[in-house]
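By written order: A, B, C, D and E. Residues from 1 in each chain.
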Amino acid sequence: MPRFIKKRSEKVGLPPGTLIHVGEKKTDKITISLMDYDETHFQEKALEAIEESFPFKEEPTVTWINIDGLHEVGVIESIGKHFGLHPLILEDIVHTGQRPKMEDFEDYLFAVLNMLRYDQKDDQVKAEQVSLVVGQNYVLSFQERPGDVFNGVRERLRKGKGRIRKAGSDYLAYTLLDALVDEYFLILETIGEKIEVVEEALLTNSTRETLQNIHDMKREMIFFRKQVWPLRELVNGLSKGESSLIRESTGIYLRDVYDHTIQIIDTIESFRDMLSGMLDIYLSTISNKMNEVMKVLTIMATIFIPLTFLAGIYGMNFKYMPELEWRWGYFMVWGVMVVIVVSLVGYFKKKRWL
Amino acid sequence: MPRFIKKRSEKVGLPPGTLIHVGEKKTDKITISLMDYDETHFQEKALEAIEESFPFKEEPTVTWINIDGLHEVGVIESIGKHFGLHPLILEDIVHTGQRPKMEDFEDYLFAVLNMLRYDQKDDQVKAEQVSLVVGQNYVLSFQERPGDVFNGVRERLRKGKGRIRKAGSDYLAYTLLDALVDEYFLILETIGEKIEVVEEALLTNSTRETLQNIHDMKREMIFFRKQVWPLRELVNGLSKGESSLIRESTGIYLRDVYDHTIQIIDTIESFRDMLSGMLDIYLSTISNKMNEVMKVLTIMATIFIPLTFLAGIYGMNFKYMPELEWRWGYFMVWGVMVVIVVSLVGYFKKKRWL
Amino acid sequence: MPRFIKKRSEKVGLPPGTLIHVGEKKTDKITISLMDYDETHFQEKALEAIEESFPFKEEPTVTWINIDGLHEVGVIESIGKHFGLHPLILEDIVHTGQRPKMEDFEDYLFAVLNMLRYDQKDDQVKAEQVSLVVGQNYVLSFQERPGDVFNGVRERLRKGKGRIRKAGSDYLAYTLLDALVDEYFLILETIGEKIEVVEEALLTNSTRETLQNIHDMKREMIFFRKQVWPLRELVNGLSKGESSLIRESTGIYLRDVYDHTIQIIDTIESFRDMLSGMLDIYLSTISNKMNEVMKVLTIMATIFIPLTFLAGIYGMNFKYMPELEWRWGYFMVWGVMVVIVVSLVGYFKKKRWL
Amino acid sequence: MPRFIKKRSEKVGLPPGTLIHVGEKKTDKITISLMDYDETHFQEKALEAIEESFPFKEEPTVTWINIDGLHEVGVIESIGKHFGLHPLILEDIVHTGQRPKMEDFEDYLFAVLNMLRYDQKDDQVKAEQVSLVVGQNYVLSFQERPGDVFNGVRERLRKGKGRIRKAGSDYLAYTLLDALVDEYFLILETIGEKIEVVEEALLTNSTRETLQNIHDMKREMIFFRKQVWPLRELVNGLSKGESSLIRESTGIYLRDVYDHTIQIIDTIESFRDMLSGMLDIYLSTISNKMNEVMKVLTIMATIFIPLTFLAGIYGMNFKYMPELEWRWGYFMVWGVMVVIVVSLVGYFKKKRWL
Amino acid sequence: MPRFIKKRSEKVGLPPGTLIHVGEKKTDKITISLMDYDETHFQEKALEAIEESFPFKEEPTVTWINIDGLHEVGVIESIGKHFGLHPLILEDIVHTGQRPKMEDFEDYLFAVLNMLRYDQKDDQVKAEQVSLVVGQNYVLSFQERPGDVFNGVRERLRKGKGRIRKAGSDYLAYTLLDALVDEYFLILETIGEKIEVVEEALLTNSTRETLQNIHDMKREMIFFRKQVWPLRELVNGLSKGESSLIRESTGIYLRDVYDHTIQIIDTIESFRDMLSGMLDIYLSTISNKMNEVMKVLTIMATIFIPLTFLAGIYGMNFKYMPELEWRWGYFMVWGVMVVIVVSLVGYFKKKRWL
């Protein structure tokens, strides 16, 4: 449930712009790392205090400052002051559980995103809010905890592979977005595999757990969809090139990310349709089982009830019951019973119950 | 049901603009309170008569007049006359059960809203119509009964915390709106917790009450959705800055409220989806239970019916029944019975019914 | 069914503009009434022949001519000729079962509406087509039968209450529209009460009739929705002030009616959602009942089947059955039976079937 | 199924514009008829060869050429050449199963429509593709087989009733369209009556056939909707007056047809909703019946199982069974049985099963 | 499942524009074929190396280069370099599982499509990504494996049938698109026939397999829809003539393809509706069968239970049971039994269970 709605109770009644961290505290210590580069030069640094990063803002090189941990609002406030960020933005950064959105403040772009990562240990998708501030020559990224999907980007920056060191801060922002969206594909792949497993189980041996699995995945899809639709709008807005901070050459890459978000939405919708179909199959499987149980009962009862009745007849103690005296009475009763059984079995065969 | 449609019968046939209070009378006495402030000065007053507030209209300071209780239409009429409000607006104020909407009359903005509050005593969400009139330097608020979600705002006004005393009437209106929307989040939180509880019950021990609970929450969602969609339009209209009464610096705060309404809508839709899923689980649980009941019956009947038949056979009173004379006949019958039981149990085990 | 589609067979193959009354003939005699007024003067008349009304067209006072009964096409034709109405309009007037729509012919506006009235005697909603023609200083209204929802308007005209006598023909048209839409609210109120009653029945003692009631109301909602959606468009078109016949001061009143139509649509959608929920409850109630029936059967059968088997055993007539000779055999059998019953009851208690 | 998709296999791989008749061959001989008229003169002719019609193209009078039968592509090709029609249009004419559409080629308009006719003999709706080409002073109509819904139009042309002989080719095209749409209403009427019959059956005595009927009508609605939605677009396009071939005075008539298509769509949607409701009723009827069957079984079994057990007890052959010796034992057993029956019947009465 | 989502895991973390073949490797050797033509001349060639094709780019004749097999990224890279294609395009070509899309790079158009082919051997629809690059005088097509739906086009090029040799590269691209879309129709035809077969089975003898079949086809429809919707957008974009590479005369042919895609979508939606209806029928068939089974059980049990009870009564061993001594006691019991059977059978007949 916390994935769908965050506790806001503690914030009620406070003036807007008040910095209070809303959400689980997922790390003890804030860690700040900095990467500064252009085509020819590259520098990487782990900062002790946020103030160390301020000189880089004035230099023409591109600077990427990454902050892991949101609970020390002083740090956020100080960086916000130095980079001239609007108080509402700072509030959004520390108040996790935001809907993905993008806002354009001419000097800088602000984007809130949801970073999903599949945790293989817990077999669970873990969500974390990532906020990006993209300025002329800097990118700020705020995460809830250490560990992210950006290691590939860092590697490419270090090794200078591809366009990344030649391009500006907008291209860096694109690369981060791309890494984030790629991770969505990986998670969908995992879910796709789970769907296949459950589908297999559905056909061979469906239990109550199967139902629970289907519903869990359906809920996962609800959560996913809630994330991806606003993401799609966000990327669409960026790729349309309305902001002067996004160079035209980056626009085409953003359109590529946009295509990916649409593909993700398509896949989610297909999965939803499939899961609904699986639910239908599950329910009709229950009905079929009931039918089978009923048939066994009906066949057994229908065959033996008349036989037992017959046996009951000749168990009566009337003084005058001619059949009882007959030499072959007992065997005739057996004969009648065989006839009854044979004709009933024939009847069920005709009805295709046997 | 009164939440979905208000009695209008008493109004039919009257000319438009006739002031008649439609709705439950929720308080005995009208109470009027006034707050007048600017950056340096603050005054709070409980008014005996509405006329005491009229002088404040001319002063440059921002004045907030709050009226609790709508049944004395004379008071509403008098204030409407002094502040130059359109008759249809006065009608909307006293006619509760309006759909949230906003209208721009150049001199002032008019907004009807629904204030929801979770009443912990009755475990019920209570709705109340709140009307706001926002002029150049005044805000009028009309409520159905005393008690509201604006105490935090009042406190900030008194203490002068944040921007509130420095900004104009539009910012005050925003703050009221924000407080109102924040309360929606709290209620959704409460409902979210209830959903979790019911979900738990669903998996362990679902009763007819569980079904009733799911449906009650579904209906709650219908009610909520009916409230929030027009609210979203309303806030969107305000934040787009079409009215000259809304300063640009307030616009960005209104966009924040707009984001909140979208988040609320998202959450409502997610809850609806979840509740539908829970209904499906409930229904398939019933089917599963039926299946289980049927299996017990079928197994018992199928095992004992042939045994009873056999006993019936040897209860017959035929003169000539060779088995009855056999020394070990009785024990042989027991033997046959054991064979029948064992093979039937084996059959059920194979079918996974046991 | 005639509410959903009218017999058109008789009209097929005729040229467009041919006046043939399509629909049930709901009155024997056409009655024509006229009201002529301005701020200072008021005249009311029952006309023998439509021609008596023609002189009023030239006068500056506002004239409202109301015709009850559509089967005498001659009258319609004559009025159409005098007021210069397009043949297709006349066709729409006499051809009942039209979809609500509005058309602007510069000189006059034409609107087809559906007047719904709740007939308490028959516990039924009765629909009737009302056509309005609004000119510069006249309003023509055509109804299928005598009796309507306009008596309040007539009263206000007679007494000169409110704005009505001061305003022009557009305001009169608005008042008629308002009266018509108000009646929709009353009917929704009635349906809302019925829903409550049925809901009560659903929880205490639902029968097949309950299902029928739910479906009847669902169908009512289908019918309602079919009426209100085009009505909403119609009023929206009018209130947008695109026609020069609608004064700006009337526009704001029409927006009020527009808000009402939206509220009606909202209520209809809520009712539909509720009725769907009630259907779900009904269906799961059936399943629950079946479950209960099955449980009773299963418990009875499961307890007595082994007992009867045991009795059957000792009813066998084998020569050598040691138990039969035992002194306490009979009582031991009873003892075994008590043990069986107790353990089965315990089993069912554990399964929560008892 | 052929109504939903036509065999295209034979056309695959051929260049576009290749004339091959796709669809069932519904007539042996192509028949061509011609009507040529203006306000004062009228001429009707059955043509032997299409070439006879060519001189009429040059004359100022309006000419309507109707071709029944599409399999002789030579005729189509020849007429296409003479009237300067685009090859793709000719292809659409002979390739039946097109989606209704309209295309504007400045010199002429091209429309493909679906003519539905209710065949009372087979109790079936028969569909046939009708293509219209509307030029300045001519209308070409292509049908799959003789017999159509245009006889009323022909009659009016012959007798000169209404506007038809005074107006141009656009008005003729409108009249044909109107006749075609009117037929849709008639078919909906027929379906409406069938729905009523099935509904009646549903409440009194629903069988498997009822279900089949509901589904057949649902499918009919799917087919209808597939036809009418594009038709609506088509008529809307025409009535908007974008083509110079449509005179303004005809536009208002086309808007009338447009209203009809919307009414048809409304009716179809209402029918769909009703049919869904009927399906729900049908399914809950099955459940109710099952419930009733189960109740009878349960009541019978529950009453007799303990009685039979009791009889079994006193059928045991124990040496020492005190009750058997009692004078009134037999009658006491009867007494106990009566008590059991009475209390069980009371229990069922309390449960409202009886 | 691989049809819904492709493995992307191997690509994560690589810079955009990196050429890695994603998808199954469906052929061993890349084959390249070339066709070069204008109105008078035609040349066909199988190339050993892609470099042989480069001279053709400069000539005014239209050149069609077709590459089967995507795993040798070197070939793709080399052709991309020579024809000046953007790196992201090359990535899309080798990264199969793209959503159909079109992009306009002024010098050339790029389109990704999905070629579906029905494989009669496996009774399966096989999908394959086809990428098209359309320049001023060349068309490049990239396929995953040899064998395609373009043989008809090749034949027409060779024989010079129709417009194809006279028109430019845009017309060739249209022809390829048309061939591809035509194949969709053929597959829908096949599915339509399968639906008919399953429907037949549904009415005569539905098994669990029937359900599986319905679901398989539903899933097929989900897949189809996912393909055709973006295809429709793509063709719509092309036919609107926004690109300077598409001549106006080709635009009308593209609109024809657009109509086809809409027809395909219509058919898919109709099939979906039908399949849903079939599912409903299937489920109610299960319920009906259960009903029938229950009825047989109930009738048998209800008739024999009282008879067996009666037999049990007279099997009791009470000393004093007057009936046992009667001369006709035994036959009277038989009489009573006949009366019971007759009245129960009558009751069931009345209930229409027999």
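The definition used in the following text is that contacts are C-beta pairs under 8 Å (C-beta built on N, C-alpha and C of every residue); 3 or more make two chains touch, one makes a residue touch a chain.
The structure displayed is predicted, hence computed values, not measured ones.
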Query: What chains, if any, are shared contacts of subunit D and subunit E?
result: none
Interface numbering overlap (same over half, different under half) for subunit A and subunit E: different
Task: Determine the centre-to-centre distance between subunit A and subunit C, using the mean Cα coordinates as centres, and give it in whole Å.
output: 43
Task: Let me have the rounded angstrom distance from the C-alpha centre of subunit A over to the C-alpha centre of subunit B, please.
output: 26
Message: Touching at least two other chains at once: which residues of subunit C meet that condition?
response: 287, 290, 294, 297, 301, 305, 308, 312, 315-317, 321
Field: subunit B - residues contacting subunit A, complex
entry: 151-152, 155-156, 161-164, 175, 178-179, 182-183, 185-186, 188-189, 192-193, 195-196, 203, 252-253, 255-256, 259, 262-263, 266-267, 269-271, 273-274, 277, 280-281, 284, 287-288, 290-291, 294-295, 297-298, 301-302, 305-306, 308-309, 312-313, 315-321, 352-353
Field: Residues on subunit C engaged by subunit D in the complex (per definition of touch)
entry: 1, 4-5, 7-9, 11-18, 86, 88, 98-99, 101, 103, 205, 208, 211-212, 215, 218-219, 222-223, 226, 279, 282-283, 286-287, 289-290, 293-294, 296-297, 300-301, 304-305, 307-308, 311-312, 314-317, 321, 323-330, 333
